[in-house]
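After this come two complexes, each holding chain A, first together with chain B and then together with chain C.
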Partner chain A sequence: MGILVFVSSKAILSKPTFPFSVTGAFSLIFTLVSLLFFCGMALFLLIQGSPIFFQEQLSFITDADWFYRINQYGAASMIYGTILVSFLAIVLSLPFALGSAILTSEFLPNSIRVYVKSFIELLAGIPSVVYGLLGVLFLRPLIFKWFAPFSPESGDTLLTASVILAVMILPTVMSLSEDALRGVSKEHREVALSLGLTRLETFVHGVLPRAIPGIIAAVLLGLGRALGETIAVYLVIGRADNRLSDSLFSLKPLFEAGQTITSKLGGSELYIAYGEPTHWSAMIGLGLILFVFVGVIVAMGEAVNWLGRKYQHG
Partner chain B sequence: MKKIGWIVLAILLLPSILNAKEGEVKIKIQGSTTVNPVISEAAEILRAERGWTIYVDTQGGSSGGISAVGEGFVDIGMISKPISEADRNKYASANFESFKIGIDGLALVVSQPVWDSGIQFLSKKQIQQLYERKILNWKELGGQDSKVVFYNKEPGRGTWEVFSNWAYGSYKNSPLVAHPEVGANEEAKNKVAFHNSAITQLSYAWAENSERIKAIGIQLPTGESVMPTKETIMSGEYPLSRSLFLVTNGKPTGYQKEFIDFILSDRGQELVKKYGYLSVR
Partner chain C sequence: MVSSIRIWKNQLFILLVYLSGFITVSLLFLGFILLLSKGFQSLSLEFLLSPMREGGISGGIFYQILGTLILAITTLFIVFPLSMGFALVKSIYIQKAFVKKTMELFLYILNGIPSVLFGIFGFFFFVKYLGWGKSWFTGGFLLAMMILPTTTLALSEGINRISSEYIENGLALGMRKTQIIFSIILPQSFSSFLSGVLLGLARAVGETAPIMFTATIFSGATIPTGVKESPILSLPYHIFNLVQESYHPQALSNAWGSSLVLIMLVILISGIALPFRLRAHEEAKV
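Entry: the complex of A and B
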């Protein structure tokens, strides 16, 4: 009850009254604590991770020569693996996510829609280690067999990791895109229909263009999730260091084992690094790179989402 | 409304209060996946018989165990290699005590088809060449015509260190390679089993009696080859044997000591044998 009253009377929200109400004070404290966590984490990564950038400078991100036993750290192959795997995951999941979002939001009666959407959203609740194990059991052998002409070393490839990630981010992308599509107001559809457009034309010309910002945001948030996923990737990627192909556009690496930043950080190397300042800093430096990646992408997602809403309502 | 809140809070807190009462004996153990089966079953037994709470975790393998003991996060570490000088230097403030609880062979295991095609023993030189990717096809060793896939144990795993010490004198000299890596024994075993032309380093006990993977013999400089078996590992004829340890920080006391004594007792050593390792007696 209290919450409802609080929300409906906008005056309280816009003009905070002093002294603070208990609810307000608590919200403020918890918000500050969350912010503090964020700042603390960023600070920790920066302080502990920066020494490696002083030692290796740019070669930390441009070279693929991670040999900690001779004190050499180049993370290029991991950065490459992270970007390739996540990007491919988006490419693979987008048709399915978008397809089911369009079907559920535009063409299914409401009674069925609820079930379809919640089932797909259930996928998001499955622990990632389960996805990883399913990948180990079913996907690895399949990839090994199907792509035999490319003579992969084994079923542990960048492609396997991408496919798993594609399934994992499907619910995020689908659900947010569906929200975006349904967010397009009824009037737009009704006007289009009354002008004699078919349902398909209404969708393509009236609804889709207005939902694009929301869909882009959905994709970016999905990408953010893909970048950070650890255990599922760890189990199927093969974890081979320093594999970087000569050409960035070659498809060959897809059928080879590789490494992402998260699979590196998930391994037992962290224990070796512990207590050795340079090596430790290199591991934390990887974390810092990932942190920046995910931060930029999530921020972009939020920004596009915000702009989209402003454009629709304003 | 307020009453319900208090009741909910009480229900939420209840388990932790109850727990605090009964859970007096708590032992935390972390480390090698090779040692894990023995210790986990011992933990089950002690839980049933003495009501102890024992947590066993294999995060990070041997180096994970050493690090957790060195930092005081756990009471006992499981390691599948001797504590090295480097380990002692790294945790200078810790005073590691290790207890030998069993002996294991380290086998090089290949996928069944590789074995069937005639690769049944290799010399140290050949193993080095495989490890350094100088031999890329089993054909070069007289086997089937297929790519060699070397699943390397992650550095930091006891198995890797023991292997490198044997193949290159010291793990510090082992060449810098970029193989696909495997962590836990289960993972290494399954990846080779579901492959047609792979090789990896694996605990002998895990390789014994399993389908689709075969432990190959090692050809000694004298020319004769030795298969890993309990007898050859025991006699030292098979060159790649290693001891398994429990490690503590300082002299074990109280329940820590009781646990280690249990593993070293007849019953504990039966467990060591049950999982395919050799008893220390």
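Entry: the complex of A and C
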């Protein structure tokens, strides 16, 4: 009943009581400005990015031959780099993120939990350029030293970029998964424990099924972050064009310099590209691919969240 | 025995959870302490208050701090009205559930757009098409657009939490819609909004990708006097450039110092947001 009243009283507000109000007009204008900006951005990516798909057709995404001096564009190595680096980042950070989320939500007393959680949220706010600085100064030499048997050319490798990304998305994934786990009501745990189930069984059968949509959404959000991160990746990936190994499953590329879509877009090649229609279109085409990737992943995350809510409320 | 296997599994689970949690938190904590200690070593009053010299190798970061503050204030002034209008339209003026849901999904997707795309679009539209060159205003505008989804969602969530009795009382008093908005809806959701804006701002302050093509240069700018062709210096871009010269020890030390100042700024803004966040939580419980 309360909800019914709630809806109807706001519904009254939506009916125009006066034909014109300054507040309403300004709100509408501001909304239109924001929507126009975003539509303009999407249109910009579509209109300026699509010519390259007509020129190079499928070879734009299947070939690794990006040579702008001879007007040849194939972005396969960057797409490969983007996908490899962000998936590896998720794989690397997931055990730690989930482990610490379970620890804080299921085992730690509330007094300690607050501190751990605020510290993790503090880390989520650290700018990516600072993570880049840490990566250049600490991780790069470490990777070079530890993986010497694989004879890396330098410390700038796809692996370095993945590890930095894994550290960067860890706070996001951990904090959101922890929220999902905490969202499961205490009764489920108490009932399971009182039936004599162990902590593990309680967690697996009582808590996890109810929290899993939230955890999946958290992982997808982390993946979206990883795909779009520019600065930290740019600093440690080596930015070598057209490296694509023959076999998709070979581990060799991990210890070589590479390129992701974002590290390409963040480089000074953008200044060179402007004014040469094909080159510019190739760059914006990369942006378009990135935009589609991220859009699909965020939409998937929202869908999972929505399904989870629907499932929980019956 | 079955039960002993169960117990062993349980013990293993607890051990693994504690291990991974402990490793994660202690490694992150170590990294954070390292960052702070390195930063404090190169921090001094002179570093904060003097301009950069010799391409960042000596001197301080006065104009970089100033530039970042200019960007932050510009962002604040742009995002405030825009997201307020957007949120009012989304949660008050539009009541169709379908349109609301679509707008919400739209905002979530916008929230995920990689920041470098804002930079590229800004470079094309403001820097080249409008011919503004690099300008502090473009940077502030792009950062505002980047955090607009966050702030809009924060305010509309706050509005959705307002108990209907307040609005009904307003209606019963014969208030017009505008009066209800200004004397009930906005004051009641203000803490949610402000905490959303400040958290967004904390993210915007540290961003490099949207401003590197559009607003900021590495050296040679002081206080901007106009809008066109008036670039600024900024902390994130300063660090970004110093990192690439990391073989020079003095440049490196300055990069640590600048990182510490940037992190302090982020923590300061999140700190200001904290009381509003707590109040918003309290509002949610009532």
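Observations on the model:
In this section, the second predicted complex is superposed on the first by the 277 of 314 C-alpha atoms of A that agree within 3 Å, B and C clash if a C-alpha of one lies under 4 Å from a C-alpha of the other, contacts with A are read in each partner's own complex, and residues count from 1 in each chain.
Note that in this section a residue touches a chain if its C-beta (ideal position, glycine included) is under 8 Å from a C-beta of that chain, and two chains touch if they have at least 3 such contacts.
If you're wondering where the values come from, they're calculated on a predicted model, not measured in any experiment.
When the two complexes are overlaid on their common chain A, residue A:Leu227 makes contact with chain C while staying clear of chain B. By the touch criterion defined above, A:Thr62 reaches neither chain B nor chain C. Residue by residue along chain A, chain B and chain C are tallied for touches, and C comes out ahead.
In the superposition on chain A, A:Val136 makes contact with both chain B and chain C.
Once the two complexes are overlaid on the shared chain, A:Ser151 sits against chain B while remaining clear of chain C.
Of the two partner chains, chain B and chain C are each touched by A:Tyr274. Judged by the touch definition given at the top, the superposed model places A:Ser128 against chain C, while chain B stays out of reach. After overlaying the two complexes on the shared chain, residue contacts for A:Phe96 are found with chain C alone; chain B is out of touch. Touch criterion not met for A:Ser185: it reaches neither chain B nor chain C.
Common to the chain B and chain C interfaces on chain A are residues 136, 235, 270-271, 274.
In the complex of the two chains, the chain C residues touching chain A come out as 6-7, 9-10, 13-14, 16-25, 28-29, 31-32, 34-35, 81-86, 88-95, 105-106, 108-121, 123-125, 128, 145, 148, 152, 163-164, 167-168, 171, 176-178, 180-182, 202-203, 205-209, 212-213, 236, 239-240, 243-244, 246, 252, 255-256, 259, 262-263, 266-267, 270. Within the complex formed with chain B, the chain A residues making contact are 67, 69-70, 136, 140-141, 144, 151, 153-156, 235, 238-243, 257, 267-272, 274-276.
By the touch criterion given at the top, residues 59-61, 63-64, 66-67, 71, 90-91, 147, 149, 151, 154-157, 172, 176, 178-183, 187, 190-191, 194-195, 198 of chain B touch chain A in their complex. On chain A, the positions that touch chain C within their shared complex are 2, 5-6, 9-14, 16-18, 21-24, 26-31, 33-34, 37-38, 40-41, 44-45, 48, 95-100, 102-104, 106-107, 116, 119-120, 122-123, 125-130, 132-134, 136-138, 167, 170, 174, 198-201, 203, 221, 224, 227-231, 235, 262, 265-266, 270-271, 274, 283-284, 287, 290-291, 294-295, 297-299, 301-302.
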